Every structure is written in structure tokens, then in C-alpha cells.
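The structures come next, written out as C-alpha cells.
What follows is a pair of complexes built around chain A, which joins chain B in one and chain C in the other.
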Partner chain A sequence: MAAVKVNELRKSDLPWIIEYDESKCIQCGKCTAACSFNAIMPCVEERKSNSITAPRKTEKVLVIKQNISLDNYCRGCGMCSNVCPNGAIKAVRNKDDKYSVVYRAEKADSFKKGGRSNLNTEGRTLDKIKIGRISQMTDPSLDAQRHTFELRTPLGRVLKADKLNFGHNGEALYETTPLPPNRWIYPIIFGDMSIGAVSWRMWEAMAIATAYLNEVMGIPLRMCTGEGGIPTKLLKSRYVKYMILQIASGHFGWNRIIKAMPDMTEDPAGILIKIGQGAKPGDGGLLQASKVARYVQEIRGVPKADLLSPPTHQGLYSIEESVQKMFLSMNAAFNFRVPVAIKVAASVTSVSVYNNLLRDPYNIVGGFFLDGLAAGTGAAHEISLNHTGHPITSKLRDCYLAAVHQGRQGEIPLFAGGGLGQTGSFAADAFKLICLGANGVFTGSTLLEVAGCVGSDTGKCNACNTGFCPAGIAAQDDRLVKRLDVDKVAQNLVNYILATDIELKKLMAPIGCSSLPVGRSDALITVDKHISDRLDIQYGC
Partner chain B sequence: MTACKIKTLNNNTRMSTQELLQTINKKIEEGITEFEIEACGQHDIGGSVWSKSGKNITFKITNPGQRVGAMAMDGTKIIVEGSAPADVGWLNSGAEIIVKGDGGDTTAHCAAGGKIYIGGRTGTRSGALMKHDPRFEAPEFWVLKNTGSFSFEFMGGGIAVICGYECDDIPSILGNRSCVGMVGGTVYVRGNVDGLAECVQKVKLDKFDKDFLKSGLDNFLKEIGREELKETLSDFTNWMKIIPLPKALKEKNITVKEFKDTQWFTDGLFGDLVEDNGEVFALSQAGDARLRKPVWDKAKCIRCNLCVKNCPQNAINEDYNVTDNRCIGCGICSAVCPKSAWTMV
Partner chain C sequence: MCRIGAIKSKNKLHPSIALKLMRSQQEGHDDSGFAFVMQDLGGIFESYKDLPLLSMAATVEGTRLAEDILRESGFSRVMQWTPNINNEKGLKIDAMPNYIFEVLQYPKSYKHATEEEKEELLINTSIELRNALEKTNSGYIYSFWPDTLTLKEIGSPKDIGTYFDLWNENKDLASGIITAQCRQNTNYDIVRYAAHPFFLEGYTVLVNGENTFYEKNKYYQQKLYKGYLGFESDSQCLLYTLHYVHKILKWPLQYFKHTITPLEYDDIIKRDNREILLRIKASLSHLEVNGPNTMLAVTPDKELLCVCDSKKLRPVVVGRNKDMVIMTSEVAGLNDLMPDRDFRQDIYPTERETIVVKKDLTVERWQQ
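And then the complex of A and B:
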């Protein structure tokens, strides 16, 4: 055996340590076969009996060992424990891990990962807010299970009554100029995850769940496609009306959308211009080559290479220009029939952007999506993920109040996202943001969790960027993708939304609201004085 | 015995509810069982009273306030000339309550016994939370015309009969969203009904229903003084009954799988882009699902057979060929080989 030197990579440098109980192992090989990271392997160890009287015998035994490697290292996903019939193996977090230092020292490269930030130093504002205004004798109390509720919210520019372009011809009202397009949709949007970022099976499961919720359950939930191309047959089907098409800075897949237009029988639900995302504001999309599978190359029109989208739309230099160019062109794409919205990362400058959009004289800005720093992503530089961005709650509130102060709330619907459901209460997070002024919310990470993602916000897995996703969600290798059960995932997504629907009503009923309580911040209290001051909601203690 | 007449407005002074009810109770203790009350909006008249001798108590009331006959019990009979405001017969446990005119909102709310007869229409949430304790007779609630919206909410038992008289021109004799959360009991209806909750069903009358209505109508129409309507209302072609949907019959949506199989793209959304027959791979599965496959180097092999002996799947034969549908790609062959003749790729 070669001599061990101090400057070699050590097991104790790695973030996860494999604990292996040889006495329970039956050498079935399932753990090593299941590990998508190639982080464990069978090995032969030499043993000597420790008897001091009997002749010492050398024996070779088969054991499972951890790979000591910067590339093939354990992410703690736990698939080995899942397949082990005897509980002989598990990954244990190494609290003294030095991986992030060693990686940079060895690779001269920034560390990249998927998932959400693991540096949750700021705490969660939403968890410190409660629904404190309970209607018992002051408002009609409602029964969440049995009464009817109107949860729909607008996507598209809403004109104030005095701005409606109506004429009267003596008999009936008519539009003097066309009204901006508007769709009444469910207040939860399946967040924009591209084909490529997620596997084809994951994407299809989301699309099926969306179609099912609309057509069978009557829940008008919309799915944003992400910017990774869209299968042509979806564009030409009736299901496209449940899809919000995305255009981001990579402009991937739009040639297929344009080519499909003459054969489209339905308009899409909307178009979302992605300027930035909360997980890595200021950074463009990042799809690492390992995930650029053959079909991804096809629909994106690129070779197998790291796909780095520019950090900004390259033709845009100002907010005004973005309205004139991007909004106008995307409105024109479907002859001004489809609402066009924009998604930006929450930032200290968000209000300026929103204010500018509110002044859009052409009524072509149909929604403002704000993505907070707790959002997840398929791949990001860890430095961006952990250290850039703005929490969603106060910025959403700022934008809403900015509109209120101009008497223009609701004109450009606000949608909020980023870390919703992070502590297990997706419906509560959505409800609180709606009370603070959001017309609706969007989520991606929650859907991944429903689909069986094993990752956590404390460093478990987070390997979405690598293509080795053990759950087949963020993988593109068909051996991993085919681990994902489309039917089960689609059903679970549907079930999750049905459960969330019940829970939203369970919060609407006690505040006596049978329609979506957008901006009903009087329903909220907080146990934190700073949050109370900042969000202008009542302090309770 | 002559009825005790109580006039509640004397010299422009109105008797309070408390005064009136306490007067009634005192008279009952004195043995009086018949009352004629000229009310002035006093509440709760006729409720929770009984005579020690077990005699029936009768009230004839004009111009009552809310909750006539609230918590009224067996042996009480209340007749209201004209209409009565909200909560007639609230929590009625056995009284016969007759309102010749209309009843207000939440008429018969929570009634669990007795009979409530309304000679006109009633307001919203009528009959809500009616229930039936099987040890006693079921409550009955009869309305000549129609009820307001949200009636029979959360109804758990008992019988309601809404005759729909002179209601041909209204779209629903139960208003909108009636029977929400109804889990028991029967609501008989004559005429248009729309906007019902999803948890109930309208079904045709059977013989038992018709017999019940025939005999019930006689008494109802007699009590409200409209016997001439017997013939009109006894034409059962326009009658239906509303009962809770049995759990088994509640609308069962198709599953997502069924939706996919019948309405989704036949070869999947990505059928023309990827090879995917829909099989779901297990975490350590032989064949195509393997993440790594063993490759044998003949030149390095010393035929020690350690790989053959140690392969947990018995996937390697004597000629060192690997049976793909047995091998899971665990790498044990490679680990035990003293000459590195197996490589995992």
C-alpha cells in the first residue's frame, strides 16, 4: 500500500462519511449498484487474526468503502440505505467537512451546486407571521370544506374603471380600443423549470398534473415552461392554453415555438420574460454539459456543452427599453391576445422597476413576478446562491405598497416566489404573501420535493447540477431518469395541489374571505417588532 | 278553561321579553295552559315551557319577535297568525309550531323534533343543522312556498317539505347553494331546484315518500288553513326528494393515470425526442438500468474464478460471460479480481 501523505484528500475532508456495518452486510452489491455518484465501491480488505497463541492467519474480506474523491464523493442522498436489505450502510454528515476549501484549492474554480442556499442565516420572515385576525363575531365565518371560495387571480394588465376603453352606441357597450388580455388563473403557478434543468419525465409529470387539474378538477392552475424549449406536440395541443411560455436570456427553443404558431389551435396562457431568478440574481441560466442530452441539444439547438445563458437579455439596456422591446415584441408574438409578464430577482431596486412598469403607457405589462433569495435552482455558483439576493417578503410588500400609494394596486398583478414551503407550510406561505399583496405565488422546489427529491437545505444531495440526480428528477441520463415514475409523480403533484387548495381555504375561512384576500394585511400579525414595522402589519405578543 | 290573554303594549308601554316570558311561566305554574298573546316583537315566545301536570300548552301569537318556539318541547303548540321573523322553531325538540304567514331566516334551524308548518316562505339557512335522534320521532318542517339560499346546510336528519306553491317563475325554490354539507335527512321539493351542493342528489319519490306526503299534506294544509290546495300539491309529478349522496356514489374523478392513458399524447409528450417505454427502474436493477457495467479483459484473467464465486447475482458464467439481465453492476467482480481483469464502465 502506498504511503499516505498529509496533503492528499482525506475522508474527513468530505461532507458525508459512509458508516458501514460489516457484520450486517451480505455483499449483495445493491448499494454500490444504486449509487449514482459512484461514491461507494466494493473493496477487498486484508485481515489478520489477533490471536497471540494460534498461528496468525491472513484473510481477505469483501467490504464496501467510500470513494475518497473530489468528483465521485458522497452527497448524502441515502440511496445506499434505501436499497440495503439489512441497514448495513448509511451516510452520516461530517460536521468537520473541509470540502468547500479543498475543492477550490484543487480546482481553481468556483463551486457549483443545485437546490437552495444552505446558508439560512437570515431566518424566515414568513414563519414569524401568523393569521391573527380571526373572524368569529365580526365577519361572517365560513366553512372551509363546504362553502364555495373564489381563488382565481388575474394574469394580465388590469385597467382601472376610468381607463376602460368603452363606448356606447345607444344599445350596448363596445370596446373602442382592445382591452389588454387577461386570464383568471389559480393563484399557484408551477414555477419555471426548463426541460434540461429537470428530466423529461419530471417535466411531463408536471404537464400532466397541470392538464389534469384543469380538465378534471376544474382548477385553472398554470405551468410556466421554463426556457429550455417545448415539445412541438404540446404547442399544437389544447394543453398549451395551460402553459405560460418562458423567454429567458438564452432564448432557447423559440424557433420551435415560432414554427408551431400556424398550427396552434389555442393561445398559451401567458408569456413570462425571465430577467433573473432569486436563487442566483445577476446570473443567467447554467446547464452543465453532463445534462445536455441528445434531445436537449435538439430542442435547444445547441451542442453538448456547458450552456451559460447571459446574465441579462442582451438587447436591453433600460427598463423603458425593456417595455418597448421585450414586452412589445412578446405581445406582438400572439397578436396582443396573450398576457406578457416579467420575472425578476427580488432586489433593493425592485420597486423602481415595478414603478416604471406601472407607468407603461401601452398597457402591455401583464404581471410582475418577484423571486426571493431562498429560491432553488438547477445549478448555480455557490457564491451566488448563498450570498446574493433579497428576501421575498419585504420586497413584495414594498412593491405592493408602492402601487397602493399611487392608487394603482392590482393593475399589474404581483406574483411572489422563492423558498415557499421551505419549512413545510406551502399553503401558509402562499396565503401570507397574498395577504401582503401578492396576486399569486409560484414554486418549483416544492414540486421537486413532491416528486421525491431527497435534497435538503442543509447540504443533503444538492447535486441537481451534476446530472447524477439519484431520483431521476434533475438527471438526463436515461438510467436515472427512468427511476422516476411519471404516473406517481403526476398524481402526487395533483394531490399536493388539492391538499393545498383545502389549506388555503382553511386560512381564508377564518378571516371571513370567500375570495382571494390580496393585500389583506390586516389579517396578519407578527411576533417580531422589526417585521411589524417593516411590513406595516400589526405587532402581537 | 279560558285562554290567558296577554297584551304586551299597554298605554304606549311595551312589555320586555323578560317580563313577558316570566309572566307566561308564572301563569303556567298557576295551571294555565292556553295563551293568546298580542306580542310586540318579544323574543322566544313559546320556548322551553311545560306544565307540571303534563297538560299540553297552547299559544296563539300575533306579531312575535325572533325565535318563536325556540327550544320548544313536546306538548307545546304554537300558532302564529301572520308572519314571524328569524329562528322560528330554533332547536325545537317536539312542539308543533304553525306560522300562517312567512318565516324569517334560519327557520327550523337545528330543529330535532316536532313539526314546524309555515304557510308562506322562509328565509336563508332554513332547516340548517336539522337533526334526528332515532329514539324520537323525526322533526318535520313544512313550507308552503320556498326557502332562501343556503338552506339545509349541514342537515343531519329529519324531514323537510318545500311545496313550491306559486313559485313557478323562480329558478330555484331552495335559492342557491342549499344543502351544503348535508349528511342526513330528506328534503322533499316541488318545482325548480338549482344550485344545490355537490354532496346531495335529487331522486324520484317512491311509494313510501308519496304516502308520507299524502298524509302529511292533510295535516299541514289544515293547520295553515289552506286545505283547498290539497289537489294541486298532491300531483306528485313535480315532486322530487333531495338526499345526501352516498359515499360510494360521490363523483369519483378519473385518476391521473387514467387521464394520461385516455387523453394524453399516446406516445408521451417526449415520444418523438427520447426512447422511453415508461418502465420505471428500481434502484439497483439488472439490464439497461445499470449505472455501470463490467468489462472483462481476457489477457489479464488468470482464471481464478473469484469473480464467478463472489458475484451476488450469479451473473458470470465459467466462460466469464456476463448475463446482462442478472448483473446489477455492483462492481464486486472488479473488486475481488486479483489482476484487475474486470473494469466497471
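And then the complex of A and C:
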């Protein structure tokens, strides 16, 4: 019996197997050049002739072989088959994959990846909800093409009417006290993906799309910078008014922001304090050294090293403290002219946090961003991604109903995100969450898909953490980044929002609603009794 | 579709005028009921304008229950009026055993009370009466307020008129303002409380339409004020919003329209008062209505009000002569009651107007 080494990594352990047809290959080398993971390589194979009678002869042939490596392994991105002129090569999913076990056994480290949870055990609540209240005879449906619709929502602390302290002279009301800043924005926010987590081209495309949507298309969409700073030139430009600046526990990029403040000509759209995120709740940001490119170092003011944001904001031990210290200081930084909001991972505790913020006597929390467990990320420990967090739908609803219970709905606008558009219906997901009580939604992963992300939620690619994103979206290697056409991505993002805008109106029209249906849960039904009970919406069967 | 009407007149009018106004709009009838509220009373109530008038319908048990509560609260009866019941066979009416219209004197301890204290007593007593009657399923209280009389019943408007002898014009019942409808909110159960006009503390509201923001309005209103009760009809929400904006917040009347149908952001930012309008739009977003609604209302100042939804999806017309202004769903009603008016003066309110009929019958058109 032959000796076999069983304790080494085997091809059959890997998640993807390369199928290569030598007879079709013209040895052009495109596949190996395209593979950003070095998962395939040209090799020379020795072959013997098939004849039994002829003298034994061997020949050497050039072939493409799969790398059997823990670091340089195939992620199934499909770039090789995309570039192959003859269809000679492709990656095939290995259903007996043992990679993550071997990785842990070899590296004594937790396995990290990008993208979203791959478990998908929960099923999607939003897909089991339908817009069931259709205006028929009692009230007319509207015409999505001909009627006008208003898709705007406030970002910023909204006071109850009796706290506005309006004076009046018999006819007209006037303000008697300064009130918290409000911005009326489009109910979709480009979610917080930092420069570093995504490539500069991807980030620039989102910024261009945001400016174009505002200035040319009249859609007041806002983009959140993510925790990683923002180019100084943009900070000092008028376009900063479309940007929500993020500050998270690493404070990356804030040195530049503070230095630029004296020269800023416009206020930003808002400040978003990130406490947590849905993809890895309870964990901080994670930018691996391989992605800390030179310009990322400059914007963030950091050396080339793994950049780990702490799981908590150091020095904050309670909600009261965070309101007093962090929110007050961020409000004060912009002279109380800019709404300051908070982003947390959806959690069993979300309602407690929301209640506390609602009751904050300073009225300075201008938005509550809830991020569900189906959210995506540039990098996370797989264990967090797959096993921590809370679905967005019920938690968003809980927060809204907690406010209803106190008669305080709308005072701190709710924004929901995390897995929206996962099954291809971003507008429907957004609409349903708005009916359940959200003032708006935010998304990151959808934008990546629009930009050409090749990954999936079933283990395809998910290599955003490596810096070798084959689509140039989450890459920091210049050669890979250049694969991304900034203008094309910006154009596609604009188009996607225009399409979403049409689709949102196609859902508003049948319920006869020309303004944003925040809290119009009467418009929804569900085909699942448990969801009906949990969300307090009608059951339909 | 409900047919509604509001009449304001220099001379006191008998409620038969409301029946006539509704009769010509009878394609809207479905025998679900007829109801009216009379304010600025004349006739036998003329000399009791400052005292609270209780309007209720109850069983014998309910009547006794109400009397006990009123007596225990210190109220004493000053006068009572009983309709002349004409119980012919075959009338389509779901009548209650007793209809009580009685003027009461405030408790002695309220001799030097302020208006606010008296109003507080009336709303608290109304809620107590309502809860007690509801618990025992023994009756309905429609209004308990000075200078206000309410009658509501389920059935055919014509037969309800016959039953209460309302076709017979006499001098007993008369008022300067009458609001009426000839079809109640039939989307839901036919119950007396679901029939408009709805009344609360001097405010009366009637609505033709479907408040598609019912749940959203209701979720918000039920925490705003103790008097916001019932929600048997989606139209009640508009009464509560009017009351909240005008009475609780004490904002001028023009801001009611800005609350229920706020302008779009792009329009607001062109206004000088944009800061105020945006704050209202944000703070009272849960009081918006965005479906088809035409609303008529009476304010405690005895002014009439008419507003429509932001797309003007339901009809209404305002007609007038030197003695009277009528707002109603269909022009047929005006033609019946005011055939000689100058119809060129008729107003068909737009989606951005508030029509106000002042005390002296001048009609103002406020643009939002």
C-alpha cells in the first residue's frame, strides 16, 4: 500500500475546485493574470505516451494548476472563466469543503471573511410580508407615473409639538427658542463603507453618484463616509453637505476632519456615531494590514498595520455618558447646526437604548440607525458574522412600537439596514421597513452588487477582507482597483437609485399614499402567523 | 360616500333644514343613519346658553346610571326636552328606549370656577358617563357641553326625521349652526359612536372620505389627550387633530391645514415661514392624512371651516346668500335650499384652501 500524507492540506479540502480542460487551453495566460488570489498557476506536467509497445517516452506540457494553499486558494470568484477565450477553466463548488476546519487547525486563529453571513438559517421575514392594503373603492389608488410623490424624511431630533415653544401674534407662529437641527433627506442612505474597507475608486463612485443624484436628479440622498475619514478636498468643498461623517471607536480620520473644520464652507449632512454594526455586533472595525494602502495611511494617519477599532468607545460606560460626552461634543463641534445620530447593531437590548435616548433631556440624538444581522462587512470573524446579532425587522418594529407606547414616535427618526435587497427587492424591503416604522433605510451591500461584486451569500468570493477583491471594489492593490471603472459604477449607482425611486412610487401608489408611509403598518399583511403576531400586522392566507 | 353638510345662518333654523339638505343628496343614503349637531341654540334652549346640555340615548338602566353619576358629581337639572316620538309602524329606525336632552346647572362648588375648570369638569364627567354606559352596554353620550345639542340614530334619514317629528318645523328646536350627515362611516360596524358629526369640547367635525392614515393617526392621538377616545370611525381622527392643534397647542387655525396636509418640502422652502412649516411637518407627521377627505368643522368661536385633502379627491361646495352659508357635498343640496342664491358666488374649494365662515357670515379663503 502506498504511503499517503493525510495531515496536509488537500485539494479536496478547499471550497472550490478548478476544472481545467487542457484541450481547449491556448496558454494565453489570462486566467492566471486575472486571479487576484494566486489560486491558479501555470505548471509543467510530465506525460507519458499511451502506447504499450512503443519505447517509453515522456513529454512536458504546460498546464494550469490549482494552488493547494491555506492563503492562496480559490474563492470561486470566476474571474478565470470570465477572461478565458475558450471556456477552458472554471471554479466548481466543492460540497465536501473542509477549509474552515483546516484553517483553524493550522493557524490557531479565528477565520475571517468579508460579505454577509452564509448560514441563512432564518429565512427572510421581509419576503413573507406583502403590501396587502390596496386602495380600491374606499379610496383611490394613485398613479405612480402621473401623481407627485414626496420621498423625504427628517434626519435630526424632532420635538413633540408642545415642546416647540412656538409663540404667535394671533395669526402667525414664530420660534422662541433654538431648536435641534433637522435635515430633510431621501429615505435611502448610502451605508457607511470606509475608504480602506472599499477601494478609493468605489468610494469615489459612491460620492460622485451622491452628488449627481442631488445636483442633477433632485434626489436628496445622503452618503455616510464610514469610519476612515474623508478626503480633505471633499471636506472643504460644497459637496460635503451631502455627506454624513462617521465617527467610530477607532476615530480613524477624525484628525483630518478636525483640522479641516476652519476651512469648511458647508456643514456636513450629519454625524453618525457608530457604536456597533449588524454584521459583527459587539466587535470593532477590522481593516487588515494588507488593505492599509499608502493613501489609507495618510487619510487615517496610521502606520501599515492591522487597524482594529475597539469594540466599545473607550471611556463611555453608559448611555447617559455617551449622550453627555460624545453627543454633546459632536453637536458642539458644529455649533449645534448638524444632526448627530447613532448607529447600533440590532440587539435584544435595542429598545432599552432607544428608550433612553428618547428620554434624553438634551434632545440631541438626531437619529437611531439599527443594523440587522444580515448586514455585510469588509471583514469580520466568521464566528461573529454567522452567529451574533439580531434580525432587523422585529427589532425595528419593537423600537417603533416602544415609541408609540410613549406617544413619542418620530421624535428620534429610525433608520434600518442589514440585508436589504438580499433577494433582489431592495425597494420592497425599504418600503416594508418604512411601513413598520422606519423613517428611512441604509445599505452598503446593495451598492457593492451594483458595482459588480462577484460574491454571494453562499460562500462565493467573500474575500473583501484580503485586499484582493477581484472586482476592485474592496481591493487596495492598484492593479485590482483599476479594474473598477469609476464613472461606470457611479452611473450604475445613479441608475439603481432612479429605478428604486420608481419602484418605491409603484408601492406608494396602490396604497394611495403620496408621502412617505412611515408607520403605515396597516398597509402590510404577512403570510406567516408568527410574523403577524410578532410585528402586529394583519395575517393573510 | 358620505354626504355631509354644515349650515350657518343669521336666523335660527329648525333641524328640518338639515333633513332637506340631505334629502337632495339621497343617492348617498344607505339607511345607515342620520345625525346632526346643533350649536348656537335658539328656541327653548335660548336662555340656557351658558349651561351644559347633555345629549344622550340610553336604556332605562343607562338613564338611571347617568343620572346617578351626574347627581353624585353635583350637577342639578335645570330643564329637559324630550322629542315628540312618532312610532309609526314600518319606520326604518333602530331606536333607543330613551333620548335625553337636559340642561344642567354646574355643581355649587363651581360657582366661582374659571371657564377652564368648568371645561375640565365637563370632559371628565363625559368620559365617566361614557365609560359607565359602555361597561353596561346601556347607552351613548354624544355631547355634554353648553349650547350644543346632538342627535344620532341608525336607520333611514327620512324615517329618523319622522320618528323624532323633525319634519314638523316648530319653534322649540332652532340653532344658528347645524351640521349633519345622512350616512355614517359604513366601512366599519354601524354603531352610533361611528356616526359623524363628532363633537369634542366645542369642536364639531364631519368628514366625507376614507382616512387611510387612521392607524397612524390613532396610534399617536391615543396618547395625546384623555378626551381622544373611541376611534370607532377613522374620521374622528380629524376632530382630534383639530382639537389638538387649536385648543391644546393653541396655534392659529391656519396651521390645521399645514398639519393634516403639509406642503411638500420643495414648496415649503420657498416660504418665508419655512422653519415653522418644516417643524410642523416633522413634529406632527403622525397627524397627516393622505387619502381622500373633505372635512367640515365648527370651532368653539362658532366659525365654520372647510378643508380638503391634498389632492382634492372628494367633493364639496360652499353656497351663500345674505342670511346663510351652506357647505355641503353636492350642489344639489344648495340648489334645493338656496335656489335664488347667486351661484356664481359658489366656492369649490381647492386642495390648498381653508374656507372659513366667520361669525358675521363673511367667507374667507385662506391659501395654504
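In the analysis below, the second predicted complex is superposed on the first by the 529 of 541 C-alpha atoms of A that agree within 3 Å, B and C clash if a C-alpha of one lies under 4 Å from a C-alpha of the other, contacts with A are read in each partner's own complex, and residues count from 1 in each chain.
One rule holds for everything that comes next: contacts are C-beta pairs under 8 Å (C-beta built on N, C-alpha and C of every residue); 3 or more make two chains touch, one makes a residue touch a chain.
Fair warning: this is a prediction, and the values are worked out from it, not measured in the lab.
K.L.:
Chain B versus chain C on the shared chain A, clash or fit?
P.N.:
Because the two structures are overlaid on the shared chain, the partners are seen to fit without clashing.
K.L.:
Taking CA centres, what is the chain B/chain A/chain C angle in steps of 10 degrees?
P.N.:
Here the answer is 50 degrees.
K.L.:
First (chain B), second (chain C), both or neither: which does A:Asp487 touch?
P.N.:
Only chain B; A:Asp487 stays clear of chain C.
K.L.:
Once chain A of both complexes is superposed, is A:Phe166 in touch with chain B (first), chain C (second), both, or neither?
P.N.:
After superposing on A, A:Phe166 lies in contact with chain C but is clear of chain B.
K.L.:
Answer with first, second, both or neither: which of chain B and chain C does A:Ala289 touch in the superposed model?
P.N.:
neither
K.L.:
Have a look at where A:Ala305 lands relative to chain B and chain C in the superposition and call it first, second, both or neither.
P.N.:
After superposition on chain A, A:Ala305 lies in contact with neither partner.
K.L.:
Touch check for A:Ile502: first (chain B), second (chain C), both, or neither?
P.N.:
In the superposition, A:Ile502 touches no partner, neither chain B nor chain C.
K.L.:
Have a look at where A:Val158 lands relative to chain B and chain C in the superposition and call it first, second, both or neither.
P.N.:
second
K.L.:
Answer with first, second, both or neither: which of chain B and chain C does A:Asp139 touch in the superposed model?
P.N.:
second
K.L.:
Applying the document's definition of touching, compare chain B and chain C: which contacts more of chain A?
P.N.:
On the superposition, B touches more of the residues of chain A.
K.L.:
Have a look at where A:Cys28 lands relative to chain B and chain C in the superposition and call it first, second, both or neither.
P.N.:
The first partner, chain B, only.
K.L.:
I'd like to know which partner A:Val101 touches here: chain B for first, chain C for second, both or neither.
P.N.:
neither
K.L.:
In the superposition on the shared chain, how near does any CA atom of chain B get to one of chain C? Answer in angstrom.
P.N.:
Shortest inter-chain C-alpha distance (chain B to chain C): 7 Å.
K.L.:
Looking at chain A, which of its residues have contacts with both chain B and chain C?
P.N.:
147-148.
K.L.:
Which chain B residues qualify as touching chain A in the complex?
P.N.:
Of all residues in chain B, those touching chain A are 153-154, 177, 180-181, 197, 199, 253-257, 259-260, 263-265, 268-270, 272-276, 278-284, 288-292, 310, 312-313, 328-332, 334-336.
K.L.:
Sort out for me which residues of chain A touch chain B in the complex.
P.N.:
26-36, 38, 41-44, 62, 79, 82-83, 143, 145-148, 200-201, 203-204, 207-209, 211-212, 215-217, 231, 233-234, 237, 293-295, 298-299, 478-487, 490-491, 494
K.L.:
Sort out for me which residues of chain A touch chain C in the complex.
P.N.:
That would be residues 135, 138-140, 142, 147-148, 150, 152, 154, 158-162, 164, 166, 168, 170-175, 179, 182, 184, 404, 406-407, 409-410, 511-515, 518-522 of chain A.
K.L.:
Would you tell me which residues of chain C are touching chain A in their complex?
P.N.:
187, 209-210, 212-216, 219-220, 222-224, 244, 248-252, 254-255, 262, 264-265, 273, 275-276, 278-280, 282-286, 288, 290-292, 310-311, 313
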